[in-house]
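Naming follows writing order (A, B and C), and every chain is counted from residue 1.
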Amino acid sequence: MEKTLEDLAELVGGEVSGDGAIRIKGIKGIAEAEKGDITFLTNTKYLPLLKTTKASAVIISPEIKTNLKTPALLSQNPYLAFAKILRLFYQKTYQSLGISKHSFVGKEVTLGEELSIYPFVYIGNRAKIGSRATIFPGAFIGDGVTIGDDSIIYSNVTIRERCTIGSRVILHPGVVIGSDGFGFAKDGNQYFKIPQTGIVKIDDDVEIGANCCIDRATLGKTWIKKGVKLDNLIQIAHNVEIGEHTVSAAQVGISGSVKIGSHVTIGGQVGTVGHIKIGDNVTLTARCGVTRDIAPDQFLGGFPAIPHRKWLKAQAGFLNLPDLRKRIAEIEKEVQILAEELKKRGEENE
Amino acid sequence: MEKTLEDLAELVGGEVSGDGAIRIKGIKGIAEAEKGDITFLTNTKYLPLLKTTKASAVIISPEIKTNLKTPALLSQNPYLAFAKILRLFYQKTYQSLGISKHSFVGKEVTLGEELSIYPFVYIGNRAKIGSRATIFPGAFIGDGVTIGDDSIIYSNVTIRERCTIGSRVILHPGVVIGSDGFGFAKDGNQYFKIPQTGIVKIDDDVEIGANCCIDRATLGKTWIKKGVKLDNLIQIAHNVEIGEHTVSAAQVGISGSVKIGSHVTIGGQVGTVGHIKIGDNVTLTARCGVTRDIAPDQFLGGFPAIPHRKWLKAQAGFLNLPDLRKRIAEIEKEVQILAEELKKRGEENE
Amino acid sequence: MEKTLEDLAELVGGEVSGDGAIRIKGIKGIAEAEKGDITFLTNTKYLPLLKTTKASAVIISPEIKTNLKTPALLSQNPYLAFAKILRLFYQKTYQSLGISKHSFVGKEVTLGEELSIYPFVYIGNRAKIGSRATIFPGAFIGDGVTIGDDSIIYSNVTIRERCTIGSRVILHPGVVIGSDGFGFAKDGNQYFKIPQTGIVKIDDDVEIGANCCIDRATLGKTWIKKGVKLDNLIQIAHNVEIGEHTVSAAQVGISGSVKIGSHVTIGGQVGTVGHIKIGDNVTLTARCGVTRDIAPDQFLGGFPAIPHRKWLKAQAGFLNLPDLRKRIAEIEKEVQILAEELKKRGEENE
């Protein structure tokens, strides 16, 4: 495929600076790009590389375009422009592979059209699979599971009984949906297992990273709402709800019955206690530990989580603690000297 | 199924308050319950919901039952009562599915009675599987592995060679038992792999959460004792021992050769260094980092782990650090003023 | 197998102390060893056990050998000596199992010699598998994947399309190689998926722990270099590079585009922000959080990561914060008293 820079600008709703007729054959990173490639600059840290890149054009924000010799595609959202052009050059059209005879399909299963079911896929009884869904080898689809249209279930994913998966959902390899919630009642010195009778409901356009675990509800449902994006190795406990278009970085742990709002941003390795509410548009920076309800629109860090700016200050104070202790010891000495001096003077005056 | 409130009280060893003849058809959360359902209240936070619930009865502790109009099942352990009634209404009786012809069973395998072996299960040579065990699709049972009666091995679980699994054990999807311990000897600038020749032994009534990893011992065994319950995504290193009826929340990491006592409670995202002992009945609160031996009956938090109460105080001090620094700067100024004043007076007096 | 102590000393390049003709039949831990076994002592913590061990000989460093009655194999690197003797007694020679007829092999696949391909293995089109590779049940090898000679791919591993795996690589159960990087461009209120078009390249002699996730690059490659050893449940984001012979403990998270040098040592539960460089020979102690570029040869701890020694001091200060606050309150009181006294004297003098 070959496009002019003008074609690309039109596709992404941007403007051309320089020669718009230049022909673009691919898209590469700024260091790897060759003649004929378009590249992109979204992090000003990499600005110096613009002088040495061999790329024929660069996607860039109009604000940081300064004395640029390379032809440019100016975009208010260069990252989005980059993503759209990448999709143009790389994304393949879906082709149905059919249903492998090496897969296992249970009884009373409802299958959509143009499916791709790989070998060693297990589909339980009464499952419903939407059209153009792709299910990779080793995936386990439990009894009564529903999967929407155009969803991709990667290899070795588990979706346990009765859970529902929306349309255009992507479950990366090793994801576990609908494992038992961690519920035990103390019975003397032992633990009595609480049956986990609920389900997991995953709405449309959700993407869940490799080896994430999303437990089913004790009663009712664990609910991941429309457009949520989860990175790898995340733990979502039973009865959690995550609001629309919330994103989370890797290795986060959300405890039981937590309700997270929409458009929340969660950094890596964050954790929460159970039974709390986190409002819409909250940002939890990496490693923050949330121990109470959080009002909407907060920007938090630290453990326990406090306003990020306040946390940064406390953190700076923490690093200066040895210095602080030294200063306090010095003051103590000085105050003692003053007190003694004052006492001496007093005695002299008597 | 339908039971009277009196029947249920008898089942769980509780008492009835109000109409014991009322008929109960199901059990639901306090917000979702309908007429004919029993609900439960174990967290006083949700007490206000009691006024609006449509449930026909509620499981509650005698202590928090105040002016209750709804018929109630009074129990000293309402959570346990809830669990038992949930099991009554929801738990299915085990039904053997037999051994799928799409599974693979090795040589000299000993198989118990009434098994459920799903398609795409691999069972290695000389394995022994107890009666009424269920093994879901994609599970790998290595050579010489033993699995006890009534155990459930979910989809895509790996149990490597020679490991032993007790009776009534539940391994959730993606669990890895018996992977090599992380052992390397430095050999100049490189690492020399130490063969991991031991096993993992899992005793009766253990439950292990989705995608947990339990490494085999270098020599001897990694040992998870009777009744231990592990949540998801936990890492247990080689040669670790975990005592009876210890429970751990998700994403915890236990380093090599750590010995944990019985009835220990471990919060989420806790970590430990290697080669330490943690005594019986210890509680490690969420995210705590243990760096030394811990005596029994301690309640610890923080990193490095200290008594939880002390940690909370230090944590409060941490958040007030910017304020503390300001106070110190003010004292320094004041002391300087005092010192100058005193010096001036001294000079005046001379 | 039986070897004299002298044979073993020769094998590992060590020296004999005591009877070198003594015959050794096995190797065990110091507490479990019986007559005929050799044992080892690498941690001085276990020194008292030397008096009670039943072992016929012990591997030990010449420095800590004191009044030893047991015959000993003296080695400057006792851990390496132990590893080599363990390998001698335990390691089996590789035996090819052939290619199971219950596996699935795609089109135009290139297969090496003496392979062991288990049942329920899926190998995609145009994949290339080196000689003497072992691929366990449930492993998914995507289209165009390359695997080198003598590599071991354990059960339920996923290697997605086009990724390359070197020779003598070990991927433990549940590992995911080449899942999509976590890349989304904000598009109004929603997220637009950035196609992840790159690959993961894993060089020779790498070992990756159970359920680790290594994402493919957005463009180009995520690159794990020669001899890297990763423990379990580690997250490696897109476009990361990890230098030769770097080792990492479990549950570590490395964010996108981070470049880690060679011979780096990473403790458990460490995390990093994205787009930073960590120099050669750096040590990051357990749980440390790296937020900026790190020069070579640093030894760091804490969050944000600072020199470990400094962090330990600050940490000690943290635990003493309640005491510090008390001292400050006392000084404030004392300074006030002094000020009042001084004021009074001033007034008296007027």
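Criterion: contacts are C-beta pairs under 8 Å (C-beta built on N, C-alpha and C of every residue); 3 or more make two chains touch, one makes a residue touch a chain.
This one's a predicted model, so the numbers in the text were calculated from it and none came from an experiment.
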{"item": "Touch-based graph of the chains, sorted into line, ring, star, complete or other", "value": "complete"}
{"item": "Interface numbering overlap (same over half, different under half) for chain A and chain B", "value": "different"}
{"item": "Geometric centre distance via CA averages, chain B-chain A, whole Å", "value": "25"}
{"item": "In chain A, residues with contacts to at least two other chains", "value": "120, 138, 156, 174, 211, 233, 251, 269, 318, 320-321, 324, 328, 331, 335, 338, 342, 345"}
{"item": "List of chain A residues in touch with chain C within their complex", "value": "27-29, 32, 43, 45, 77, 79-80, 82-84, 86-87, 90-91, 102, 118-120, 136-138, 154-156, 170, 172-174, 205, 207, 209-211, 227, 229, 231-233, 245, 247, 249-251, 263, 268-269, 286-287, 315, 318-322, 324-325, 328, 331-332, 335, 338-339, 342, 345-346, 349"}
{"item": "In the complex, chain A residues that touch chain B", "value": "104, 120, 122, 138, 140, 156, 158, 160, 174, 176, 179-180, 182-187, 189-195, 197, 211, 213, 215, 218-220, 233, 235, 237, 251, 253, 255, 269, 271, 273, 275, 289, 302-304, 306, 310, 313-314, 317-318, 320-321, 324, 327-328, 331, 334-335, 338, 341-342, 345"}
